[in-house]
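Residue numbering begins at 1 within each chain, and the chains themselves are lettered A, B, C, D, E and F in the order written.
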């Protein structure tokens, strides 16, 4: 039968499937209910699939954002560190990551019942009634992919590729998957406590930002840091990367409504508004401080705004988004100024943007959230409920502590298998040639 | 409550919101009806949100399109002039721009009742029954953003960043917002008269193209214009920008159906067809004229085709789109040839492409429109109705006059606050270094 | 009436259309039924339109993917060869290509009844009940566009632009359109036989891959091949191109469900999974073989994985996708190694990736397909049905033979009209300057 | 024969080429270089860090000419490249002991014609 | 010691390098330059505007060698770089009065080995 | 006057500039070049093909100075650019017979100050 006769595909009873041994394996992830598909909403599914595609694009977009800020000799390696995450975590997630994060488990981690996507099928799953369980799974996959990719900015221009791969696989498994469960998994303790994180302020940004700080401290500075001029090799590329991130972030935040509805529209609006606000606030603040408004500042500010609105996107309105964005632009700028005083080399300011921005976003959710935006959310302090802020702080502290400590341990373990850094000579040559035997440009 | 328990979010009565003073502020834009959400179509909403994201991407895409055509020393500044519009108008629009353009008002301008998005909520608004009002608002925001960004091509490589920001904010407020109201706002006089503009031929393209001409005339030529070779520094980038514009334009035109339906499909089809046709016609015409088919010509032609089909997309069929595209490719090419005779320096040919192309599109709508495509539209001359063309001409003339005159005034006013142009020395150094203290490339 | 009063556009009876002569022409593609629109699903339409946009983006994405691999002097010409396909086939398709491929006809080719899109309107068509016929048409257009664009990698850096245009128009008409009919058209013999090709493994990838091989053989090697170092001028660009292809491929495969449903979600998931798996397998295999993991390898692997999963995407589950991807990464790498032994110059390995990858995908569909994934599909060998594999092999052989032979004939014919290759001098100068009078970079 | 090396502002390249054309110098070789000297660099800012880059974009022109032609050429370049502002650049002269035109094998001053 | 500067077509770089290799010249320095001379530039078109760019991509090779080795090297380059068409380029010779190998501090001709 | 041409590792440019600064050399011209010599290139891989690129990124510094200043400057560059590993580069010295400061028309050694 060709594709056409397939469509609109009528779901007759499937009948007896001839179960060869390999069939059992390859059917994992598909077998279960064929019925019950009726409550799936095509509109919601369309939006969540489109959102998953948008979030997927963010990871190579991040690669460009970062690559523009490194020196030419590391440009390709930097893009690759993001790009390859789509590969590594793309597999990790369907094999066991999704199960660890979202399958029924306890307060701290999911279970193994969805290993290899067993039971995760085309019908709706427990996390949404209106979209296929597979759609929810792949949408979440894109979050699991970008989170470790974010960390790569911290150790840019110096980490050995082999160690990088090992570390990232460990980190995704032992840091990301549990933390995602805490906040979003059924029964996860932070979610149960009532901490709000609409699209990943704690799970994605604080978690990766803190891990980045830990990496920067443990790997040490780049050779020549503070002496050589380490100027971005292509800021135009960073601006394009920021634009792709912004574009994809509509999927990240508005897709987190898991449907095409008013809440999604609200998340979309506040996402754009906070990014706009932070792009301006960073740019103007730098203009005041240094006398020039920079494109890198505008792009960095936009990303900071997107980070900050992430946990709040489904709970706050557009005027709150302006405030959240305006504040985060200045906050992150100051954090980065402080870094150069403190002397550690978080090369592309992952902690300064994602750690600080994510933390402010989580706090801001405790301030600005309103049940008028989302009746299933909670009110923040400005709406008379101080309790939420407390929960947000607990969530922040828990993720800070867990991510920092476990990242440190995982780096130590990785270091036993492979040196974390490339040799000094390789670092001087650049990662592109030394790690990958390639160059980004042959002009 | 965590995100999961939120979804599918049940809209219970919101209950008493504890209204602290700040709450009143930050809730603007969210408060109103929670009921009535039932008529929202998830499919339509999914399409309009996706379209809004697509249109958002057009602005940085435009930045690339333009940046490829300037000299290396101005590449970053050129991208930034587009990118920062997402910030500036992104805020302007939610604070007051949307209200000026779309809130209930008179024939010439909207009102102030939706200031700060008061009353613009998750339920459907007056402009569509099937999507959240916020979705319509943010979709329109993206049009308000790209329109001023289009103008930047006219004064590329020479405008002072400060003056640029001031001028753009004024222009968006005093030119774009009213004109959008005339055509699309409830009660706007051009709309009421029956002029057809499906997705912004007059509002976006004529309006910005004419303003661009005015800017080019008033700012004067670049130093060395006509003597130095001012060759595009990266045409590959211009082609990529054109591709992103083409991609985003599906949202621009097909999204203007405000739903995922047959009309959207028609708009999508004619958009692609006109772009294809104009890319070919420009390229072949240049091939005839100069002996070489160029990539820049194909890319420019595609954009010209997209411009021309914009007002017509919801009213004409695919064969008309071929004609509209084929003609606009030649028209714009000739207009640009004429420019070099006339001697003004519309650096990246904004008037030649958007002014001329938009005008042709508006006229073509008066020729090719058919109620067989859109029963709520009107017939054009080829379907026996000459009246429509008259209305189109009135709309064109009105927007030409208004945009030109007011742009001139606003430039004068801006000039009182800050010199419009950078110094000759700064122009020679390039805007990247002189205005922003950065360079696009450190290769 | 303005746009607003148009929306939600009520479809009243259209009434008497004043039929001037030109009206008959321009209305083709629009006239027919205004009723029956009721069964259109907004959700499905939203997804298919979004998918069409995504697939459109793949063609310029492919342009970047290819351009990064050529030398600087051919970069722009290479992008243009993809970009202009959106123009050429964009017109060919609406004028007659769609009719040839999909209009009612016989087992080998469609008819002429839909010339100029006559009868292809806003209501549902014969290929889907839930989306406008125009949406199906334009979605298919994007496949017709990218297929010839894929071939351009085979003769990169040496084909004359004029001959290229002629050849492509012939090829699309005489190779692509019939083959698409065989597999997907109503009554097409391969589809009727029961060969499965969800999203174009045979139609798009084998067909173009085999044509590419034929082109490489008939045009001969680039001057200096084997002697000069022909190193990729910008691998970063190739990685970005691969990322855009990956992003767009979600539309390619998941859109082929022609609706936003569980099957689309399944296709989306296996697409991502196979790409991830193949990116890793190619990279690790090269690492083993040469001692370095390369970014070009990861990007090439991702594309190979996307190719291989294309025919299978609606019939196999995620664990099968891992296997399909893992195998294709190694297979294509080996095929490319073999090429350098065989000595023909398929410059950018179109046959090695699309021919070999598409063939493996078609076979893999015969192995891993399961009616538990798609009850309207069929079971593969691992599910106890050997018959499917036989049909797949017939489809592969038929497309191999037809595409190879007819491509050869068409190249001969083209050669009668214009020399296929540029002169040696022009080749040395580069196509950008010699064919187009432009350069990609003026840095 | 003399080799004239002139380091000039990129924005003056067109003028210098025109001037050389006028006095009949048809052949030259041009390259992008970076110069540092008295001219102060523009400060650049990256996330609030200041970098004063004192390597500025310059263009270097090399012309090899018969000894006697050197003086007027230096003059012409000097005039065309001058703005009077710091950073106009330098011209250096040195002896060239041989020249070959690859195409024809011509040697010495004839190779330059 | 002599410095040999050869300005050649980019497409001839591989050939020239191979020729130098053959006669035992291992060290050289290569740079992208733009040349203008008798060879006519390709016309470029930007939105219908014509620009005849007469600065063409060339490659410059610099080799410093002991005086006596210069002649055969010039010969070799000349042969390898020649196509017989206008634009093949030039070779210039000039005296070098000193050479140092940074790594070892060796001076003069020994620094070149 | 002497022209000092130093071909060094790109990573040593900052050090060399600092060293020159210290001994009061303010003006210089710098360019990207590619060098080949004893230093082995890094192998590159493109779809499994091996390419050993023996043209490596180098930086060339040109300084024209009064004859007597040359020796200490060579010394300084040499010290700052050295790593002791193959590939540190070379310094060449040659005579310059004239210099002009375009801005002022100053000639000879005064043009260098």
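Definition applied: contacts are C-beta pairs under 8 Å (C-beta built on N, C-alpha and C of every residue); 3 or more make two chains touch, one makes a residue touch a chain.
Predicted model only: the values in this text are computed from it and were never measured.
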| item | value |
| --- | --- |
| Third chains touching both chain E and chain C | B, F |
| Selected pair, out of A-D, B-E or B-D, that shares over half of its residue contact pairs with C-E | B-D |
| Where chain C and chain F are represented by their mean Cα positions, the distance between them in whole Å | 52 |
| Separation of chain A from chain F, taking each centre as the mean of its C-alpha atoms, in whole Å | 46 |
| Centre distance in Å when chain B and chain C are each reduced to the mean of their C-alpha atoms | 31 |
| Distance from the mean Cα position of chain F to that of chain E, given in whole angstrom | 18 |
| Per-residue overlap in chain A, given as positions that touch at least 2 other chains | 41-44, 46-47, 50, 229, 231-232, 260, 290, 292, 294, 296, 436-439, 441, 443 |
| Chain D: positions in contact with at least two other chains | 31, 44-46, 94-95 |
| Chain pairs that touch, as defined at the top of this document | A-B, A-C, A-D, A-F, B-C, B-D, B-E, C-E, C-F, D-E, D-F, E-F |
| Interfacial residue positions of chain F with respect to chain C in the complex | 44-51, 53 |
| Residue numbers on chain A that touch chain B, as the complex places them | 41-44, 46-47, 50, 54, 71-72, 127-130, 183-186, 188, 190-192, 194-199, 231-236, 239-240, 242-243, 246-247, 250-251, 254, 256-266, 268-269, 272-273, 275-277, 279-280, 283, 290-296, 298-299, 302, 314, 316-320, 322-323, 368, 370-379, 381-385, 441, 443 |
| Chain F-touching residues of chain A, taken from the complex the two chains share | 224, 227-229, 428-429, 433-434, 436-439 |
| Partner chain D, residues of chain A touching it in the complex | 69, 229, 231-232, 286, 289-290, 292, 294, 296-297, 300, 333, 336-337, 340, 349 |
| Of all residues in chain F, those that touch chain E in their complex | 2, 6-8, 31-38, 55, 58, 60, 74, 77-78, 81-95 |
